[in-house]
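Here chain A shows up in two complexes: once beside chain B, once beside chain C.
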Partner chain A sequence: MKKTLFLSFVLIALSQFVSAQKYFTKNGSISFDATSPGSPENITADNRTVTCVIDAANGNIQFKAAMKAFTFERALMQEHFNENYVESTKFPEAKFAGNISNMASIALDKDGSYPATVKGKLTLHGETRDVETAGKINVSKGKITATASFSVLLSDYKVNVPGVVSDKVSKTAKIIINCGLEPLK
Partner chain B sequence: MFRSKNFMIVLVAVLVLGAAGGYYAYSEYNRRNPEMADVKAAFSLSNTEVLQAFETDLTKANQQYLEKVLEIGGPIKALEQDDKGFYTVVLGAEESMSAVRCVIDSLYTQQVATLKTGSMVRVRGLCVQYSADDMGLGSDLILNRCCLIK
Partner chain C sequence: MQIRIGSILLAGVLFSQLAHAQDDLLGLLGEDKPQKEYVKAAFKSSRVINAHSMEFLNPGTMDFRILHRFGTLDQGYKNFFGLDQASMRMGFDFGIRHNLMAGIGRSTFKKEVDAFVKYAPLRQSTGPGSFPVTVAFVGAATIDGLPWADPTRTNYFTSRMAYYFSAIIGRKFNESFTLQLTPTVVHKNLVQLQTDPNDIIGIGVGGRLKLNKRMALTWDYTHVLDGLPTGYYNPLSVGIDIETGGHVFQLHVSNATGMNERAFITETTGQWGKGEIRMGFNLSRTFQLKKHKD
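What follows is the complex of A and B.
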């Protein structure tokens, strides 16, 4: 009886430990800037619906963002983005699945600023491409924040920019991701 | 004289049409997303009703609710604030991983800060995505640019 109780306790403690190795958010932010150098206006948008999960045990990282949740300053720009550029009804989510290759050197239970090398596959507009970027994980008083920025070539994801606005919209978009993570219970 | 009069009429018509077209293009170009407080909701439901609709028939619910302004009532499961101070009001049961996630327009930040977890609230926002549970975190319905309904 005592042995069973002890085993149960160990199993429960172990399951808590294992589940605590994952960290997540559902309100991460992602923004992009596709402003052409000579453009008189900013082609920027923000999205605060990013779901992100990091598995501290193996460094696996996933995130997804609802394309229709990108908010632009101008409604017309937002409509063109959804209808003509990323076709967000047909391709409603952008997804990334990859790995933090130096996860072993990142201590999520210890305050510090840790560089993170992230490699994986980004799916956008129905196209999947390899992406590699240097991100950062900050741990401060138990609060974990993951940030990364990288650029994507719009043509890689078959996002076609009409000639009439080609002087305003850059051929590349700079993407910035910021996620405050919590332990998954 | 007659020709000159006709010419003037055509010229005025062209100028009026040009000005109207220019005004339309200018106002359309500068158009902002409407504030949800000024928009009438297409549907008014509870958090459980709308989640049930998506879980039962995703295609039908997408057709009915996506890109529509919804007014959702329910208990506050969580009030999440990101590092820039923006709030997301999460409507749902404490024990469920699935919820209606309402991304709050920054105009309502101060109002949301006074809310308490567990209290009932009504939120109006644009339904942008039903996010299926493909990461083991539950399914969520996402409403964007939300305002609180008193």
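What follows is the complex of A and C.
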């Protein structure tokens, strides 16, 4: 009995090293486009310091993006984004925690392009909502790139767009994610 | 006993693994290092109302400012509460660095041109190496454009000139409340009467209280410590800032007509107590001249 226990103990400890290969990045990119059709200016921004971790063992995937790291073409737009729309001082980060449901069919150690179905919870502006999207994982010469795009309704996250700018700022934002991942040691 | 301890340990390891796998993947990367961050948006505009604020334009942007000051409210309906008379200043401000800006403007009052440079050696920040306040300096010159009052005497161009220097010490206490002190010296090369002093020293108190995300209550008062001739009063302005996209409207009531420091600190003739206050607005429209990078 004692031996069995000890063995399982060692096995579990080992398995933690072997099976649970994780991949990560600290400079992934997330951009969004919330331009109203016919708007004279583009309401777009991107963030190139996104953190992402994927656990290959179970398909868990998490993202973190600092709101103040979204850069706009116009400085004033960026200030208003942080001050009036997403309130970056109160809610400094957007987070996503979810799972790649078809992880079993994705071989991160083999070249190829794999569709990935991701489901999870997106927290933005203090509000958490379920999000589901079809992304893609590309493996080429050992380089892993995860991409996805989806739309969110701004009102779901209590981001108010005042009437005077509704001809410029859309009610939805299209979010594009692009992360190159490395093995986490 | 040992077996029991073993099972508890095993259960513990199993549990920890489960817990680990489910939540904090991001935690595996360690804590983010706290970074020094400058405090932004202490005021919606680079002016409180009349006085310079601790806020700077973003680099590569230009602020086109149109300022109006109407007649006094106590004139009643015959002058439509002062709206029939308007004095204006039109100006362009430029953001050069995050802590450096310059601007030029012209007022109808005295046909005066004014130009300033504003620089902040210290900026309020958070995180490691933070600093609690912004300290900024403004240096400016004004040129009176009116014809000489007495063309028969020898008039020098320098007689048209005056200067003002302000120090701004300001702090954004929280998201909604900002307060600043602005000691200012105005120097006039030529004054009206021999008994009038050339230097006038005042201290300003300006503040902002945000009412909601896009509106704020602002106030701007300068107490002249020394050198104000009789018949002139301390300027007090109270207003509302309204922000819509690229515009900021500053609506206010004030006893001052002047729209630069020389004019509103030293030449305010209205008295609040007598109802000699006027409506006014500042309209600010920001343009991005150079592509923004941060």
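Please note the rule applied: the second predicted complex is superposed on the first by the 166 of 185 C-alpha atoms of A that agree within 3 Å, B and C clash if a C-alpha of one lies under 4 Å from a C-alpha of the other, contacts with A are read in each partner's own complex, and residues count from 1 in each chain.
Please note the rule applied: a contact is a pair of C-beta atoms (placed from the backbone, for glycine too) under 8 Å apart; a residue touches a chain by one contact, two chains touch by 3 or more.
None of these values were measured; they are calculated from a predicted model.
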Review point. Is A:178 in contact with chain B, with chain C, with both, or with neither (first, second, both, neither)?
Key: first
Review point. So, does A:60 touch the first partner chain B, the second partner chain C, both, or neither?
Key: second
Practice item. Could you say whether A:83 touches chain B, chain C, both of them, or neither, answering first, second, both or neither? Key: second
**Study point:** Touched partner set for A:92, first chain B, second chain C, both or neither
**Key:** first
Review point. When the two structures are overlaid on chain A, which partner does A:26 contact: first (chain B), second (chain C), both, or neither?
Key: both
Practice item. Specify the partner with more touching residues on chain A, choosing between chain B and chain C. Key: C
Exercise for review: State whether A:168 touches chain B only (first), chain C only (second), both chains, or neither.
Suggested key: second
Point to revise | Common ground on chain A, meaning residues reached by chain C in one complex and by chain B in the other | key: 24, 26, 51, 53, 62, 64, 68, 71-76, 78, 184
Exercise for review: Provide the residue numbers of chain A that touch chain B in the complex, in ascending order.
Suggested key: 24, 26-29, 48-49, 51, 53, 62, 64, 66-69, 71-76, 78, 92-93, 145, 178, 180, 184
Review point. Can you list the residues on chain C that touch chain A in the complex?
Key: 2-3, 6-7, 9-10, 13-14, 17, 21-26, 28-29, 37, 40-41, 58-61, 95, 175, 213-214, 243-246, 286, 288, 291-294
Review point. Which residues, counting only chain A, touch chain C once they are in their complex?
Key: 1-2, 5-6, 8-9, 12-13, 16, 20, 22, 24, 26, 51, 53-55, 57-58, 60-62, 64, 68, 71-76, 78-80, 82-84, 89-90, 95, 97, 160, 162, 164-165, 168, 184
Practice item. Report the residues of chain B in contact with chain A in the complex, numbered from low to high. Key: 28-34, 67, 80, 82-84, 86, 88, 101, 103, 128-129, 131, 134-137, 140, 142, 144-145
